[in-house]
Amino acid sequence: MNVSVVGATGYSGMELIRLLANHPSFTVSGVYSSSTAGSRLDAENKQLHGLTQLVLKEYNADEIADTSDLVFLALPSGIAKDLVPELYEKNVKIIDLSGDLRLKEHGEYEQWYKKPAAKAEYVQEAVYGLSEWNRPNIGKAKLLANPGCYPTATLLALAPLAEQGLIESSDVIVDAKSGISGAGKKSSNATHYAHANENLSIYKVHKHQHIPEIEQQLRHWNSSFEPIMFSTHLVPMTRGIMATIHAKVKKGVTSKEILDAFVQKYEKEPFVRLRGENDFPSTKEVYGTNFCDIGFRIDERTDRVTLVSVIDNLVKGAAGQAVHNANIMMGLKETEGLQLVPVFP
Amino acid sequence: MNVSVVGATGYSGMELIRLLANHPSFTVSGVYSSSTAGSRLDAENKQLHGLTQLVLKEYNADEIADTSDLVFLALPSGIAKDLVPELYEKNVKIIDLSGDLRLKEHGEYEQWYKKPAAKAEYVQEAVYGLSEWNRPNIGKAKLLANPGCYPTATLLALAPLAEQGLIESSDVIVDAKSGISGAGKKSSNATHYAHANENLSIYKVHKHQHIPEIEQQLRHWNSSFEPIMFSTHLVPMTRGIMATIHAKVKKGVTSKEILDAFVQKYEKEPFVRLRGENDFPSTKEVYGTNFCDIGFRIDERTDRVTLVSVIDNLVKGAAGQAVHNANIMMGLKETEGLQLVPVFP
Amino acid sequence: MNVSVVGATGYSGMELIRLLANHPSFTVSGVYSSSTAGSRLDAENKQLHGLTQLVLKEYNADEIADTSDLVFLALPSGIAKDLVPELYEKNVKIIDLSGDLRLKEHGEYEQWYKKPAAKAEYVQEAVYGLSEWNRPNIGKAKLLANPGCYPTATLLALAPLAEQGLIESSDVIVDAKSGISGAGKKSSNATHYAHANENLSIYKVHKHQHIPEIEQQLRHWNSSFEPIMFSTHLVPMTRGIMATIHAKVKKGVTSKEILDAFVQKYEKEPFVRLRGENDFPSTKEVYGTNFCDIGFRIDERTDRVTLVSVIDNLVKGAAGQAVHNANIMMGLKETEGLQLVPVFP
Amino acid sequence: MNVSVVGATGYSGMELIRLLANHPSFTVSGVYSSSTAGSRLDAENKQLHGLTQLVLKEYNADEIADTSDLVFLALPSGIAKDLVPELYEKNVKIIDLSGDLRLKEHGEYEQWYKKPAAKAEYVQEAVYGLSEWNRPNIGKAKLLANPGCYPTATLLALAPLAEQGLIESSDVIVDAKSGISGAGKKSSNATHYAHANENLSIYKVHKHQHIPEIEQQLRHWNSSFEPIMFSTHLVPMTRGIMATIHAKVKKGVTSKEILDAFVQKYEKEPFVRLRGENDFPSTKEVYGTNFCDIGFRIDERTDRVTLVSVIDNLVKGAAGQAVHNANIMMGLKETEGLQLVPVFP
């Protein structure tokens, strides 16, 4: 099967190329990038030197539809939305890695992204691709909204407890931390090495656009969920997200019940690794892979549970989950191209 | 005035040496280190090459008392407590940077530090040295317990709000992050560069020994305070602590009231820099200095306030606050030796 | 085919496990580690959580010979040499990743490693495994000495020019730089994060044990080679080696001749990527892979050529080259298990 | 005395502000920055929060001349040259931190900087400010060309040996490494954290504009000096330069003679710390200070000496040396404002 990647020189696009290079069923037939069209892909991204003959091209919907079974849109939010309608009509399956199609409630996208929203029909049509929680719909999807990096880490930890009602729905605090690749490839003051190195900062306090995405899903599992407190930090490392979640457990809920909820949901999942009670993962333990590792511990003094969920933001938080979803959409074995072992140390 | 440093080759000890080197009123008369006695201090710590002629010596209470007006104990917890009684009798002022004398409540030290506690009379005698909040007592102290790094960052942000009753006393979550120098100079798996670099981890979940220290102080300002949720992370950087605090504001409390509480308390303080509403500091902005920078923002959606407090863990979180306290104890100008500008970038 | 790994929890051993996990022809049948025998491998190395059921065992030559076609010895220098004789007699193929079997000249090992040498018969028997330059012998080897990390990077760049006589044999300066994983997993002052971070140091000046290994090979290709100047630096990063080589070109030698020498030797090589004239690789462009990337440029002002060669020290400089050699020794396709794309960024 | 800083928000400018903040004799009377004029300096550079009331202004030569005894030009190369003539006429002393006035030989600036050169009369008038080697002229200077960062590290190590003829003048190789702040504050692909972190690269191979500056000085001490081989690397750290120098010692020259040459020249120097034979400094040992630390060792096998020289590129390599020169120019004690202890770890 042939796939195309639009936005192939951004960080998510590069990571798609890395994963697809060893995918047994997908061949990358086209790579598109408006800013570098005409260059060889391996000239733009030297780490690929000699590994590909592909030449970057101007975006072309007809060509994509003619040559590809599926297209990955790895573009900044606000751009993908304009490409979707034409591609959709042309009958190529679409996985959009941006936030353009994730928020279903009218007005939320504009409020949080401060940009015009995609057309409502495509937003409604798009299947939310949190792989472990939406398989049946993903399998039938023609248009998929790949989850954000923070929502992936946060939701995979919260979902089993939210769904089974083990935590209070009114009192969830998520303190999230990300490596700097999460800010994207565009250079800026904040991503300058001399600024970011040996530095820890908080950003977009109470205003991060991933907040409504997380809340939308929580309400999906448990309609009583109230707004969460969600903060995001920039950590001096390239890859990795950790969501540290402080939730109030419902009266009488035990560690065993929490563990059981996780085991029941995830024990057969290939990419969620439950680390168990008081065994907490660190970000590097999933480096370069599609794993989400989860640990937890109840604090008897405060009746809160601390959940820790780690992912590689570029893999499980972007390109890896996209490939996972592509596998599901195409009826392939889910782990194809994703059997990676963390690069450690 | 002459001062001695016991434990001069650990990180806090080294930082004391750095700060005291340019102190206009203190001269370091003796440096003590059992493991490296006999070596020149600048041979052990090459960054000091040529800046000092001091030779490290075996600990000797008589010598310290004879030569020094004040002694800094920069030792691991569990060791300082055994040195204090003899020094105390010999009439030299003592600043203990360890946790040995901080917890006043019987049994708490053993419970959290898992070690035998110091003699109760010295624990009771020791003045808690959170400089901005305990000046009158510090000025009269003969024996001072210098605060821990996490408590310093956490308490300076929480104290004005706790004291004035602007936040709920039952619902404080502190998500704290520290650079790796906080783990001390002793090498281990966790501090190996290849393990810590590009890695973010959580540790001592719900069990950090700084928890009772923070709660003791909160109850001091507001006896109704309940246990806090406090978590600690290791961030791939050398220096810096950030405490991200998620507190429930009391009904009707406004940003202006919070700002006023901070201004009222800190506007004349030389080492607390209020950054104001929605102006959040990053750790590097206080690098190498005794500053604590604080920013905050209320989230109307959840009625919580996010407070961010940053310090250099080795300065304001250890050696710098110790020098500040020494200045107060000796009746000097408080900023002596501490007028440092952050090293940035 | 079954393989065993002795020293499975050191950095080279861990990297062998990572590579072998996806190897289509090799199965890891046994993992040995004296210090952690009895533990599950994935309990010692959390990044492997759930990916393996293997339990670490005490070293046992009989068991290894009974169960394995080939054994990797991933041990510190000075230990492997004592295991080799027994294993060799038991008829299992051996790849030794340490320096114990590399130096053929009597007395050199003792001089540079400051330890007793292996028995001469095994040293002589051992085939030097610089894959691209010794294939025929590697293919027949029963006992293989896997090259050191610095020699691999240095020799792959120098060999074509040395062999073809394009550079002066009396004037080679190698300024080499390594990430900190090169120092091994054992923690020490030098590898403490707070010491190594934001720090660049030189070490073992003129005394690095890889010097005689490099010179031995250079003399193998060109017996007139004189001692080289070789220096090693520790760079604040986890993985990666760069060898910057400053060699005097012979009178009249052109860039084209140098390029031709590289092309002729390497154009069919799967793991050497020639980057050409004035196109210099950086270490991250080979991160996590078995590639060696090489660039060069002649300086007309000094008649010197600057060669830059980069590898991932744990892959091409250790475990990856070992797997490559195992593939050759076992008659497999050389790229099996090694078709990795660099993790970038 | 009043001084002004033009380019106060670049890295060298920020470092000047840091150093001048604690200078006993200089007061910063004006800060100039075209891109941020109108902002408070401490709003642009948050680490200065509350430490200064200065407001950034548009460049104004009259104002500078009226208010300042000396002006620091901390601007990119190619800009300072246009400001110098007017300031020079107005009778304010000038220290230019750029490369615009360093190269005396006609045509060299254009060749290496690829830009139009400054007017010849100002180039000739400008005194080269390598403080330890040009004091008498610096003391009389009205216009000073502050040395480049690489030349400072390189020349301080080479000068005593070059001047005394202990090394061959035909065979000097300098392998230099710099932290990323050396690339300046402007953000780019190369300085993006995700690109620079865990990465080591070489750049401007044989073409670095500091090459002619170094050679000019070497010929000043020893007119027979031939072109040097000089390479520059970007190391994943913020601050620090290490120059590793591989020079051929003249026949019969001993370690003692080299040591003596260094001692004779530097033993009274406040900012050069001779570390002696086989005692090599690392970059962090001078972090944040004006020190240059030097170590060396002769390699008997190759008759070369390895010299290692480290500086903080923003201090001794820029702002610190500029303040040192300002002290000399103004007849102050040379160490004023520069008695800094390295921030370590």
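To keep things simple, chains are lettered A, B, C and D as they appear, and every chain counts its residues starting from 1.
In this section, a contact is a pair of C-beta atoms (placed from the backbone, for glycine too) under 8 Å apart; a residue touches a chain by one contact, two chains touch by 3 or more.
All of these numbers come straight from a predicted model, not from anything done at the bench.
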Far-end chain from subunit A, centres as C-alpha averages: D
Comparison of B-C and A-C by number of C-beta pairs in contact, larger one: A-C
Between subunit D and subunit C, distance of the C-alpha-averaged centres to the nearest whole Å: 39
Computed distance of Cα centres, subunit C from subunit B, in Å: 46
For subunit A paired with subunit C, centre-to-centre distance based on mean C-alpha positions, whole Å: 36
Junction residues of subunit C, two or more chains touched: 11, 179, 181, 194, 197-198, 236-239, 282, 284, 287, 345
In the complex, subunit D residues that touch subunit C: 171, 173, 175, 177, 179, 194-195, 197-203, 205-206, 226-229, 231, 233, 235-240, 242, 244, 246, 278, 280, 282-284, 287, 297, 299, 301-302, 304, 306, 308, 310, 345
Sites on subunit D touched by subunit A in the complex: 11, 179-181, 185, 187-189, 191-194, 196-198, 236-238
Residue numbers on subunit A that touch subunit C, as the complex places them: 11, 14, 17-18, 21-22, 45-51, 181, 197-198, 238-239, 273, 275, 281-282, 284-288, 293, 339-345
